[in-house]
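Below is one structure, written out as structure tokens, with a few remarks after it.
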């Protein structure tokens, strides 16, 4: 689960970008395979931090037509530097998040149904069980609604800014997900693949949370010491989950 | 996403109809592949506006047996002019809609479960989020119930007429869907494929709306300026979604 | 949709039984393919009325191992007359229904989740829309609970008897489904394949009914004249649905 | 459904362990095929009681990479004795259960959504119908929450101990499932495959129970004499379900 990389030299750059295209393309396809995508609602990106380049899905292209060559490369201002296609319309959001969350190297955005239900209801997802605690260290937060001005000017960039604002007091590695009010979830992680795994976990957790609330509207949050135990056994310095 | 066509000459007519048969057959199969069809509940049609001919699925034929040759061609009075099979029992509804919505070239009808739940509850689908706004410019409306007389005489034609009545004050391009009370959804668009995409989007939006209401029966509508932004970035004159 | 058969002679009997084995085996597999079966909860039978023989799934056999030769043939007393395997534990229920509903030639039993929710809540499924009316002429009824004595002696036969009791005032061709209280649905029809189609329709209708009630606990029944129109256009003497 | 085995000699041991690796690997894959696993949330083990060895899934390994050779063998203290991979992080729970439930030879753990909703709501699953009674002789119980001390020291072993505590007054063969509060279900049985079948049945039963409660929050429990009849016809000394 943890990325292991050799130190990067200038000469490795082109090859790394090629590998990143492949990795990001695969991550986009994995998002579909996981059932999180309806039509073309969803996109995954990855960043090459050494070169300051982001690889992202082209906008509105059917998933069956995606291949690594069709991925678009943009710089840290969101300008396309490689690729014939227009990048995802959400590119500016991704770029703001990469500028803000320096440990993040992959971002996924979906309209997956259960997470989106919470985003539309503008309610955080409380931590009700260990499935949640295995991935998210506490309630998954929801942003405020953008103002009319924020929507009128640089809407996608401002979407990234309200996410950054909401996460300001949180560690984005321990809380790799947010719900944009009235919109849907963004997730992230140390790789594009990790951001997709977090999108899958978020959807599973959201579905379970809705059902739990139907069974008991006052179901209690998971005890903090169980939350912490599960989070740490998987992600802490003495983690013993995985290989 | 936008249809691009060369000007049509008389000579192209037969070939265009053949292409339309293939396109409509594929659209019917895509409806099944999207999981919107149970048994044979569903049909898609397309129109050749130059010749005034509608291509539609035959009635009650299992989807695995569909091929372009089995599609039925009817004229603007709903009379079969080509094809050995009986056209969909809903053909008269499609024909009325083509007569009324002149910009429409494809129509899909399903009993997809979540959209049908709203049709049966006779409730419009409020716009609760951007997934909705990306496809439908406002709440998806529900028709009135047909009167006993309207059911007794030309039931399917009158179904088209109550849809037209409900859409009278709306732009059918910006609101490409309706719920027939006690029945189910119809969607449309500039092509048969677009009508299927709208059927898929409608089902996703209906599912999310039910879950949102379960989380909070008073969840607010999406802010009008966000709705407009999403609709316009995808469909407006300065759209920047897609290629 | 309607069975068409030449008159039967004695000589055709063996071949017809062989065809019935194949038809019933396929119907069992179609039940699985439709997603209505979890583990081995479900069975379909068919009857050869000329010979008074019922073909039914063997008990507890995994579906991937089913083939026509493993189907079991029982007489009208439920005694196995062909086949090495033990017939479905629900065989006696099927036999009682064949004895009671003389127009029926196929029966399916499932624990499909949405129909079973109504059976467990012991609530009939109201007719809330045309999907329902296309298949079931009115609310799908629920039986009473069997008494302790009825369970102790000939439980499966008595299950058939409480179904027959509940259907006494109904036409089993127009109402080809019932919910056994605390148990699950039985459906039937003129062939085993038709009983499976009714099981599929029942599950779709049950799912929609639950969602409709969540949206509005007081959602109205479908207008009787629309119910009758839909039922008759598909099943009445002047039916015009299908080929 | 019942395991039939020849008496074991020392010489058979190595071969049996090899067969157990294959059986446990297959059971883990069947858990995925049944749709009960999201990401890597889930594990199945089996025990060779003659040698006191438990075969279990390695921790955090993607299911598509599983094969019998990657299964880990641990002793009755949970120490790995064969295999290069780290065993499932839940191994200590499995070992405690094997020590406590002497008739059990297979254990499955999932975070399947519907069963986990009940675990998170900390509510038992009442027996509302015969699907439940066919597998579980009464309400599926829920454990108490572990104390902070129990979590701090030997968390996974103590998870097994609170399960054993909750089952103390029950027969683990007749009640082959439990919900760990705030966590998720464990199921077991006479083989690893049986534990997977019980996990599948539990999920189906949990889904139905939620829907039943939505239809009627006061839906009654199944009559005890029907529960007993269904349980006994499938599992009792005079069982007549299956071959």
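In this document, chain identifiers A, B, C and D correspond to the written order of the chains, with residue numbering beginning at 1 in each.
Note that a residue touches a chain if its C-beta (ideal position, glycine included) is under 8 Å from a C-beta of that chain, and two chains touch if they have at least 3 such contacts.
Worth saying up front: this structure is predicted, and the values here are computed from it rather than measured.
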Seminar exercise, completed: When each step joins two chains that touch, the fewest steps from chain A to chain C total 2
For this session: Could you tell me which chains are in contact with chain A and with chain D alike?
Result: none
For this session: Tell me, please, which chain's centre (mean of its C-alpha atoms) is farthest from the centre of chain D?
Result: B
Exercise. In terms of residue numbering, is the interface formed by chain C and chain D classified as same (over half shared) or different (under half shared)?
Worked result: different
Seminar exercise, completed: Whole-angstrom distance, CA centroid of chain B to CA centroid of chain D, is 47
For this session: Just give me the whole-number Å value for how far the CA centre of chain A lies from that of chain B.
Result: 33
Problem set entry | Sites on chain B at which at least two other chains make contact | 214
Exercise. For this entry, which pairs of chains touch?
Worked result: A-B, A-D, B-C, C-D
Exercise. What residues of chain D sit close enough to touch chain A in their complex?
Worked result: 38-39, 41, 58-61, 85-86, 89, 111, 113-114, 116-123, 145-146, 148, 151-152, 155, 182-184, 210, 213-214
For this session: Would you pull the chain C residues touching chain B in the complex into a rising list?
Result: 1, 128-131, 134, 197, 200-201, 204, 207-209, 211-212, 214-216, 219-220, 222-223, 225-226, 229, 233, 240-243
